[in-house]
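My structure is below; once you've seen it, I'll send some questions.
Which chain is which? They are A, B, C and D, in the order written, and residues in each are numbered from 1.
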Amino acid sequence: MGLRDKAVVTCAVSGAVANKEQCPGIPYTPQEYAEEVRRARDAGASMVHIHARTPDGTPTVDPGHYAAITRAVLERTPDIIVNYSTGWVGLPMADRVGHITGLRPEVGALNMGSMNYAKYSPKRKGFVFGFVFENSFDDIIFLLRRMQEAGVKPECECFDVGHVESVEPLVDLGVLAPPIQFSLIHGVLGGIQATARNLAHMASVVPDGSTWGVIAVSREQWTMVGAAAALGGNVRVGFEDNFYLPSGEMATSNGELVEAAAQIVRLQGREVAEPDEARAILSLPAEPDRGAVTGEG
Amino acid sequence: MGLRDKAVVTCAVSGAVANKEQCPGIPYTPQEYAEEVRRARDAGASMVHIHARTPDGTPTVDPGHYAAITRAVLERTPDIIVNYSTGWVGLPMADRVGHITGLRPEVGALNMGSMNYAKYSPKRKGFVFGFVFENSFDDIIFLLRRMQEAGVKPECECFDVGHVESVEPLVDLGVLAPPIQFSLIHGVLGGIQATARNLAHMASVVPDGSTWGVIAVSREQWTMVGAAAALGGNVRVGFEDNFYLPSGEMATSNGELVEAAAQIVRLQGREVAEPDEARAILSLPAEPDRGAVTGEG
Amino acid sequence: MGLRDKAVVTCAVSGAVANKEQCPGIPYTPQEYAEEVRRARDAGASMVHIHARTPDGTPTVDPGHYAAITRAVLERTPDIIVNYSTGWVGLPMADRVGHITGLRPEVGALNMGSMNYAKYSPKRKGFVFGFVFENSFDDIIFLLRRMQEAGVKPECECFDVGHVESVEPLVDLGVLAPPIQFSLIHGVLGGIQATARNLAHMASVVPDGSTWGVIAVSREQWTMVGAAAALGGNVRVGFEDNFYLPSGEMATSNGELVEAAAQIVRLQGREVAEPDEARAILSLPAEPDRGAVTGEG
Amino acid sequence: MGLRDKAVVTCAVSGAVANKEQCPGIPYTPQEYAEEVRRARDAGASMVHIHARTPDGTPTVDPGHYAAITRAVLERTPDIIVNYSTGWVGLPMADRVGHITGLRPEVGALNMGSMNYAKYSPKRKGFVFGFVFENSFDDIIFLLRRMQEAGVKPECECFDVGHVESVEPLVDLGVLAPPIQFSLIHGVLGGIQATARNLAHMASVVPDGSTWGVIAVSREQWTMVGAAAALGGNVRVGFEDNFYLPSGEMATSNGELVEAAAQIVRLQGREVAEPDEARAILSLPAEPDRGAVTGEG
């Protein structure tokens, strides 16, 4: 079985929106992050996507909190690929990237376009929330340059077809270099919706040689994980995207969510990638440099 | 959860090509058929697709053997939907349909086009087998008329896009009536190959209001079951199509194969249809008339 | 030949970005608008999309200028369908819709989402322009309500797949009613790019029963008009979108651009819709109420 | 403008089914072939696809007639690419290829699969014709080997998705070498039907680096030429496929049909390839060896 048949499973363990009242399994403290990542790794994840929180659960971009969480995570799960978010509404760009440049994770995720970002409830006949999520080309270029300087691989988060196609000028400018790692996000109102056909098309515009994985919000995630597995892509699950198992029950840990994703992958005759395989698939250095976060090396 | 979220799982328990030496789980005797169908039903199948065999394993179209097998099956699994094959190379058409007209199963499958039907081995650098599988429009119309007279719902087995589109004149002639039940078969060399993109396209030409399920041969079947689950279709597994579990191990029973298919369906947040739900989905009468096979009613 | 085989050709005669120095054929004065629309109509257009200008060429949303232009247009071309833009960056929403509510054109176009709106030049290795084009759900709902009150049919301008899918909550809220008229815009950097495959996919998410046409910027427009004609859609050309004929020469009038579009439509065996046919296709009233603009009726 | 923007227009001047009573422009004598090819070449064709006829119009595979026709054609149109058919129902394979091996045209077309080949008339409520068109893998391999020995480039005529995918074992066996030239044929009942979406999908399974053109029968041809132009493919027209211009009038010569195809190509901003450009696009030798047919060289 070659690398083509391996799927990288990423776990987005906490997100920055929900809290323990809504979903008790969401980690707040470094220790909780470390336990959740361990569970995710045991269940088949090879990469963790981190939004930091202070120990009381407040989302933060503070590099100190990112460092504490990452150290705790790596102590229990030394081989995991570490991936930080830069998504944040209403903060200056410089603040959205300090933890990336300071701690140099292997991967940094960034949003590749602007969009309406909303949720509608047919039951309430109204919007649950809705705002313009601004990620201008200037901001994107700023983030990509900082990642390039820090030696951090960008993960290009795309909420629609045009976001994927927006990489072309960035490659031409030299701020982004193929092979590119894409996350194709489905199901946010304003962006592309969660259907297998949408994923098949969106994946078809990913440049040859680059890699892609699927992200989807709410329970439709499971359809999209199934579609991505069939289309040869990677997958992401975790409390950031969805609390519920395919059965409809709320998961008690990220490990349960990863376990379901791993089963989907395996039942289609593929395997989940171990971290070293995931690094090869994603064109990451075989040996991560953890010096900036551990203070060693 | 509405019917749209239910997937009909069909089990093709024996086929007519392989034998117990290749795969010990293939049933020969009525009793073995009955046990295999019971296992398939327990694991989530609501329809059984039958190619009959004599008790020594020889494939046959003899209505007597079909009757014996069906009676044994229904004794152990009274609620299963019974579906007979009409596929056979080198027999007069009348002989390919006698068990259908005589025993009136709920569903009769037929091939919707001609094609090269082959298997190639890159290892051996040669064809394992290869022939022209002839199913002319005249033959198709003959079969459809017999089924219509017998009150048997046709299952239109399509090996490529044009086979699906070939129903148009048949509907115009009145020998086939919507909603139509399609099986979209992937992976036979000469027909459409087994990729999620091919399935997405082939399903897109199925007329609105009709239903479709996927069939695929060899281990690629599992990718196609995953893709069909994501695209909203039904699925078929069983020793006729593939001996191997997603792990690569040979299955010991059809039940194991159905169990894997059911898990794929459930892990995407759908459920497997019970026989009464499957009858509703496929527009079959709610109460099957078993009189012709049981001699009662 | 039924209505299905007729394509509505719309002409966007001026736009609000370019000027006569770049393209001498762009109309400024009401008289020039009237002449350009007459040429477009003679060449096969049945709808005109208007951005108003003051007679010196300055773009304006002033209802007075819209009225003067529209009167001049209708005097020379009484049967044309009149369609006003509401697209404008940096103006309060109320100002973007005054000409719509005051003059009640048959159709009002509005943007269905937010996005990066940019142009990149590989030659210059830099962006020609780039900004965040904000069209929040609140703004969209505001415009739709005004149009609904004024009895103006909205044309939903979509720059990516998710914009098309954003109509769902709007229909649920009752501010938009099927059948919906979609314009699928391709080739703006930040939105979906101009390929036939992208158009085929984007058109596939348009709800059944609704209608769609293609808009594309720059010379790729001609490929997209060809693709739309083949896929059964309507088309738009005109100086707002592109100055150049398929040959690469700059057009001297909107009529030349419409003539090329009409030829593409006819060479594929379809016909261009006359205004009354276009009204039927787009579910507009058969008899337009011009009272608000002409002061009669 | 690079070769990517050039479309090869092929003209299939006569076919073997229709006659002058149905369509007076169909050529019978070598002189008529020569005149028709000249008209096609003048209108933009760079390749001619020939089915030979005796001077009274009877279709024939006789190499003598092929030679006479080809000599007459090349005398008037020395630079045209010559492409012979091998399609014939009910003849031994050896007879279907004698003109290819004897006269060594630049290109030889062959059918890549078996299928039902039929035409249905909704008006008459009946089939106009219908038969099983047999082209087994053995026959395909036989033809490919003869072409390979004769130095003739095969054109793989595919009537459905699986026919395109059937090249894989043939490449593995070494009887077919990439880049492969595909003709994607649409609209024959039994094969894939003539829609832009079908073409987009079928073209997507053509291996990278290979080339494809579209063939379609009846008036739907014009939609398919438009779709192929938009998707970047080559196109074929001519009396073999369709007698009627986009307007619905019967063409009086192949030149008129080619003229319409060339207009479609040019109106999308592409150009028709000259014969030397077509040879480069199709990976044919820059200088054709005409020795076998002219008796020189």
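The rule is simple: a residue touches a chain if its C-beta (ideal position, glycine included) is under 8 Å from a C-beta of that chain, and two chains touch if they have at least 3 such contacts.
A quick note: this is a predicted structure, and the numbers were derived from the prediction, not measured.
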Contact-graph separation of chain B and chain D, given in steps at minimum: 1
Shared interface partners, meaning chains that touch chain A and chain B: none
Chain separated most widely from chain A, comparing mean CA positions: D
Proportion of interface numbers common to chain C and chain D (over half same, under half different): same
Geometric centre distance via CA averages, chain C-chain A, whole Å: 38
Intercentroid distance (Cα basis), chain D paired with chain A, Å: 50
Where chain C and chain D are represented by their mean Cα positions, the distance between them in whole Å: 40
Sites on chain D at which at least two other chains make contact: 197, 204
Pairs of chains found to touch, sorted by chain label: A-B, A-C, B-D, C-D
Touching residues (chain side chain C, partner chain D) in the complex: 196-197, 200, 204, 219-220, 222-227, 229-231, 246-248, 260, 263-264, 266-269
Contact footprint of chain C on chain A as seen in their complex: 113-116, 118, 120, 122, 125-127, 130-138, 159-162, 165-166, 168-169, 172-173, 188-193, 197-198, 201-202, 204-205
